[in-house]
Each structure stands twice: as structure tokens, then as C-alpha cells.
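Chain naming follows the written order as A, B and C, and within any one chain the residues start at number 1.
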Amino acid sequence: MKLSDIATLIGAAFDGADVEITSLNTLKDASNSELSFVANAKYIKDVASSNAAAIICSEDVAQQVPSGCVALVVDEPYWQMAVVSQKFAPAIEDDESCEVVVGEGSVVSPKAHLAPGAKVGKNSHIMAGAYIGSGAVVGDNSIIYPNVVVYRDCKIGNDCIIHAGTVVGADGFGFASNRLGEHKKIYHIGNAVIEDDVEIGSNVSIDRAVFGSTIIKKGARLDNLIQVAHNCEIGEGSVFAAQSGMAGSSIIGRNNVFGAQSGIAGHLSVAPFNTFAARCGVTKTIKESGKTFAGFPFMEHKLWLKIQAKLARLVK
Amino acid sequence: MKLSDIATLIGAAFDGADVEITSLNTLKDASNSELSFVANAKYIKDVASSNAAAIICSEDVAQQVPSGCVALVVDEPYWQMAVVSQKFAPAIEDDESCEVVVGEGSVVSPKAHLAPGAKVGKNSHIMAGAYIGSGAVVGDNSIIYPNVVVYRDCKIGNDCIIHAGTVVGADGFGFASNRLGEHKKIYHIGNAVIEDDVEIGSNVSIDRAVFGSTIIKKGARLDNLIQVAHNCEIGEGSVFAAQSGMAGSSIIGRNNVFGAQSGIAGHLSVAPFNTFAARCGVTKTIKESGKTFAGFPFMEHKLWLKIQAKLARLVK
Amino acid sequence: MKLSDIATLIGAAFDGADVEITSLNTLKDASNSELSFVANAKYIKDVASSNAAAIICSEDVAQQVPSGCVALVVDEPYWQMAVVSQKFAPAIEDDESCEVVVGEGSVVSPKAHLAPGAKVGKNSHIMAGAYIGSGAVVGDNSIIYPNVVVYRDCKIGNDCIIHAGTVVGADGFGFASNRLGEHKKIYHIGNAVIEDDVEIGSNVSIDRAVFGSTIIKKGARLDNLIQVAHNCEIGEGSVFAAQSGMAGSSIIGRNNVFGAQSGIAGHLSVAPFNTFAARCGVTKTIKESGKTFAGFPFMEHKLWLKIQAKLARLVK
């Protein structure tokens, strides 16, 4: 899409040299053929060093845009980014000319659906009612149980087991909101990647990234009915019990254990080798390892036990 | 069904003029060809003004039934209502003579199932494994992702996106129980209605109403793995984060925001423009607007923070 | 599989008389053609009386193995049990020679999938996108809504209703872990059994047992988005509201009521006729009946109310 057309679409002034914009991306990751945006004060620091071809921003940020990069000045940058995101969203399915590839030894149920451009490796099972989207890949020796949905462009590694009803790569929960209380969808251009040797239970929801990838790393284990929001990362060998949930963009180090019905807020990180009791709600980044936490807001498990004991005594 | 046959079915005395009963309904909404019931003392006030043809009730309520309305006196009115509800439940699917209608420009996967009598508007996508029941309607420009299930007679508006694995219109959690601990299903005669411009995440459960409609209003946004019970109403532009849940018959005003893993008890209402933190559990009707709440039982967020600080100090 | 081959597989010394091992089982339930294991000190007491043909155990337990039973001594018995479990896992689906049986009056959608060896009783409905695995049985007069998945060898009774998107019999969340933080899957040889007159909501996850059965007894009612882990048992007429969850091997007596978003930890039992408020988290076995509990950790509801009142006063 031409930069000039994008400017027209969002009502921004533009009189520079026109270029073809290939995609949307973050300030940090955008290449010089990509468009970026600033919608949150905490990312203004990334403007000056961005390689983006253009940046959608408010007037006060415009002067920080580096030379060679175009500032598209608008009143509501996040809303306008949402408007533009729709233009870069891929088709729901590719057209029939895109070949489906199924490796030797794999068994694909005639009642499964491999969309045009889907690829399945060797010795895998794709069972009835499973859906593998365009550009999506399932590796070798993996089992995709009935009615699993893998959205387009997502990747399932080798030796994975995905139980029935799980959804990998639906759009994350992202939208811009205006003063009238209306919401404009952020189309999600990224994907979700499940690395090798991962087992995921039934009815789990793993959203695709806005840009880049939501990642479940090698050897992780997820139980049933778990929420993994856009742009999360679950470290190698980490374990999530049933009904636990992660808000967006949180990064979990290797070999953490999250108990049932636990949760973690968005944009946090957790160092490796911690344990979180059932119902624990993580509200801050954790830089220590080897600890056990509980409660909401979370605290060390021992402290939580003390507080519970104290509470019991209060009413005696 | 003849009123006399209903009386026989539930063991109630009946010697009035017989009439054809067309459906079951609440005391307030029943027309003079419909049957109603009183199973809860708080609805006795609605008996005298009901237009119902007949009311299933206990002996002590019978004298309040208005003239022209038949009192069907039984020992366990709720159980007997459940017995009768089965007789008014529609067929699981209509017969093949009911036409399927698909509007211009819509793409329906051959692996989707449109039951007899289902209707799809223009330029919509119904993807593989999706199920649209008899009498159900999907509007224009909507996307129904793989393996979504829309039960019979439910409605999805225009410009909606329903992500994979979501279920719209399953029977709500309703049953009568007797002294032996047995449960008798209340067949749900109502439906679920998703208005225009609504996006719903993956693996969400939205139940149909007992009578009338469960309603998700225009512009609402629901994340993944959310529970919306029978007869709930979610106001325009309201936002529910992942794993939140609503018990039956609660009414949420416009532009409320519910955090992840939050919940609201049944039969409550919430005024517009409030925010509920993650894990907040709403236990009372809220008549104020513009507030932020947290905790379970819920309270203003500031107060909740104070209590948490106090608790931390208790054990120092 | 020959015992000698199993010994080789897990690197255990073996020079006794070879026998054919037919399956894996618990110390208590293993027959003299089955293999068992000890991976947890609390089960050592069951070793001496086990009828198993052989037991995988650590060196210090070996001398307690009864005569006639072979001790397969390894460093990590649980990990090795996991290794062996894969050898006893049945095929994903039986081969096409296994007959599908559908009783008189049943309606099976051509878009449903009955795997080879599946059986459906009389007057049942199997709707589009539903999957009934090999050896799985659905009884009479039951409704299996669209996109329900019943894994192989599981049983659904008579007069059951299973709503859309529910998964019965996926593998439970079981694995052995080593010092490198790697996990080895425990293949689940057991099944899940839903007795007669059970209604289960949408998007529920009920896992199969490691050995034996996960059981939902007659007349139980489950709402939406509920987690039932491997080897749980839900008693007759018990009721679970939406988003509640059970960890593994917990046994719930008859006519308990669990509120929304409640939970129970693993390996506990609950006597009949108790009520658990929304969000209650049960952390110990309950031997009393007729009580109402709340809170996490759980306590009697009255006490919980007192504590909440006290907390409110603390910050006044």
C-alpha cells in the first residue's frame, strides 16, 4: 500500500516522496519499508532510533521522528493505527492455487480441513474437525486432536500434542477506543508459534501476536482451559495448570510452574524456576528464581500463609 | 398443546374451558395464549396483573390469580414448569423442507453446517466446522471462524467476528430440584442475540435465555473463555477480558470494563461506565458510574488497596 | 509386551522367568499380568500386598516387593513408568475393520465422525462436527451437540445432554519431570465415564483417568467451561457452576453444589450435601455434610463473612 494512500486513509498531511509500505510493525522492529506508530508515552523513547519508513503519531511527537522517516500526524494515533491495520491483514484463507503439503506417514482425516497453503510434516495425525489455516505448519510426529483450530500462519512444532477444542492463533484482544466508547479492531499481523515437544490440553486459547509471535517454547506443558494472550512467551519446560491465564505481552522464563486458576497481568516478566500456587495473581515483574508465591496480589507463599493464620485469629 | 393436557401432565385439577397454549413465558410477558408459573415468593406480586392464560402455582398463591386466568395448583410449581418446558422445546433441527438462505458474496465452507432454516447475510464467512442452527441468522460482513457453534434461533448481527470454538446459545444452567436431590431440566425457549459490530474471542460460552433473549449489545468486545449465562445483557461497547464470567440474568450497562477472571453474581445490574479490576467479584447491584472496583466481595479499588496494605503490615 | 523387553527399555536388570505384560496399573489394582510402579513414598505401604507381575521401583523399595513379583529397579521410577506408559497406549483410532454401531432411531449427522468401533444407542442425536472415538459408547436418548469430542473408549450414558465444544476423555495433565526440567508424558490408559441423566454445558474439559475411570455420576449437572481433571469422581446429583475446576483424583460425594469459579485441590474427598460459594477454594478433605463453605483457603461461610466485615473495619 502506498504511503500516500495511508495518509489519505487516516487524514494525515503528507507531501514527501511516496513509498510502498509492506507492513505494520513496532518502532523497534519496523524496517524502512514498514509503518509504525506511537500511541503510548512510554514508547516515545524508541522514536528517534526507529528505522520505520513512517510513524503515525500525535503532533507533539512529530519533531522526534528521525530524518528520512515520515511523521503522519493525527489526533488519535492508536485509533488510526487500528484503521490501517485492517489494510495489512492477510486474507482469511489463501486462494486454491496455494498447495497443501502433507508429509510421508501423516494421517489427515477427510473431515479435517487443511486450508490452501497449509503444511503438515511426517508421521503426524490431523484428526476429524481439525482446521489448519493457510500458511500454517504442523511439524513431524505431532497429534492434532479433533476440532483443534490452528489459525493461518501459525506453527506447531515436532512431537507436539494438541488436545481437542484448543485454538491457536485467534486474534488477540486488541482495539483502540474513542471518546464515544466505540472500539476499532487492531488486526493482528503476527502469529503464534508452538515449539517442539509441547503438550497442550483441551479448550485452551492461545492468541496470535499483534506483530511478531506469541511463543510457547520447547517442552512446555499446558493443561485445559488456559488463556494465553497476544505476544506472551512461555519459557522452556514451563508448566501451566488448568484455568490459569496470562494477559498480553508477559514473558515467562523457563521451568516456571503456575497452579490452577492462577494468573499474570500484562507486560511483566518472570525469571526462571519459580512456582505459583493455585489462584496466585502475579502483578509485578519477578527477577528472583527458586521462590514459591501465592495470593492476589501475590507475595511469598510463607507470608501468605501467615496472613491467612492472622486473619483466622482476628475473628476468634 | 391443550391446557387440559398440560393439567393432566402435571397432575393439576382443571375443569375450565379448554384453550390451546402456544408457549411458556414469565408472568410479566405471557400473553393470553401462554402459560406462566410462580416458583419464587418474590414474583407473587406479578401474579395479579399477569395476562397469562394459566399459571402453575402452589395452593396459597391460587387465590391471587386474576379472573380469566386458570390456576394450575401443584405441590412443586418449579418442577412442574420444568416438566412442561420440555413440551415447548423446539426440535433440535428443523426438517429438510426449511430453506437455507445465503446472501450474495458470502463464503460458506463445504465443511461448515447450515441446518435447515439457517440464514446467512451478504459478504460473510462461515468457516469449516462452524455450525449455524435452524432459524439462526448471521448478518452481513461477519466472520464465523472454524468450529463456532450457533444454536438454533440465535442471531449474530452485521460486522461481527466470532472466533473459533465459541458457542452461542446452548441451554443455560437451569433445572428444578426435588427433595431426593434429583434435577429436572428447564428447556430453554429463548435465544441469544449478538448485535452488530461485536467481536468475541475463542472458546467463549454464551447461553440462550430461558424466555426472551440473552443479549450482547452493539460494539461490545469479549475476550476468550468467558461465561455469559442465560438472560444476561451486556451493554453497548462493554468490554470483558479473558476468563471473566457472568451468572444468570445480570444486566451490564454500556461501556463497562471487566478485567480478567472477574465475575458478577446473578440478577444484578451495573450502571454504565464502571471499571472492574482483574478478579473482582461483583455481589451487589451498582447504581453509580465512573468508579473503579476491585476485590471479592467487591469494593472501591482504593479501599481494596488500603486493605491489602493493612494486611501486609499485620504480619510484620 | 514381554517383561524382559520392558526391563531393557528402562534399563533395569532382569533375569527371572519372562511373562507377557498386558497393561499398567496401580499397586492396588494390578493383576498378575500387569505392571505397576512406586514413585511416591506414600504408596510404599501398598507394595507388599500388590498382585502385580512386576513393580518399577527404586532400590530401597525393592526388598518389599512380594515373592512372585519382579522388582524392576531404576533410578527414576516415575520417569520410567512414563516411558513404559507409551507402549501401552492404544492406537489413536482403531482400524477400519472395527464396526460402527448405531441403534434404532438415532440420528447421526453426516458431518459427525464416528471412529471405527464407536457405538451409539437408540434415539440419540450425534450432531455435526461431533467426534465419537474408537470404542467409545453413547447410550440411548442422548444428545451430543455439535463439535463435542468424546475420546476413544469413553462412555456417555442414557438421557445425557452434552453441549457444544465439550471434550470428554482427553489425556490428563500428567508427566514425569527430570532434573533438567524436561517432562515425559504419562500416557493415560483409563477413560472417562458419564453416567445416565447427566447434562454438561459447553466448552467443558473432562479428562480421562491414568488408570481406571474419571466418573461423573448419575444426575449430575455441569455448567460451562469447567475443568474436571483425571481420576476425579463427581457424585450423584452434584452441581458445578460455570468456570469451576477440580484438580486430579478428588472425589465429590452426592448432591454437593459448587459455585461459579470455585475449585478443589487434588486427592481430596468431600462428603455429600455441602455447598460451596462462588470462588471457594477447597484445600482439605471434608467429612461433614450440610455445611456451606466460602473463601480461599476455604472456611465456613459464616466465618468468611465475619472476616470480610472485620477487614472492612480495619481500614475505617
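Keep in mind that, in the parts below, a residue touches a chain if its C-beta (ideal position, glycine included) is under 8 Å from a C-beta of that chain, and two chains touch if they have at least 3 such contacts.
Just so you know, these numbers come straight off a predicted model, no measurement behind them.
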{"item": "Topology of the chain contact graph, where touching chains are joined (line, ring, star, complete, other)", "value": "complete"}
{"item": "Equivalent interface positions on chain A and chain C, same or different at half", "value": "different"}
{"item": "Between chain B and its twin chain C, rotation from the CA superposition, multiple of 5 degrees", "value": "120"}
{"item": "Chain A and chain C, separation of their C-alpha mean positions in angstrom", "value": "31"}
{"item": "Multi-partner residues of chain A (at least 2 other chains)", "value": "111, 129, 147, 165, 203, 225, 243, 261, 311"}
{"item": "For the chain B and chain C complex, residues of the former touching the latter", "value": "92, 111, 113, 115, 129, 131, 147, 149, 151, 165-167, 170-171, 173, 175, 177, 181-183, 185, 203-205, 207, 225, 227, 229, 243, 245, 247, 261, 263, 265, 281, 296-297, 299, 303, 306-307, 310-311"}
{"item": "In the complex with chain A, residue positions of chain B that touch it", "value": "109, 111, 125, 127-129, 143, 145-147, 161, 163-165, 199, 201-203, 219, 221, 223-225, 236-237, 239, 241-243, 254-255, 260-261, 278-279, 308, 311-312, 314-315"}
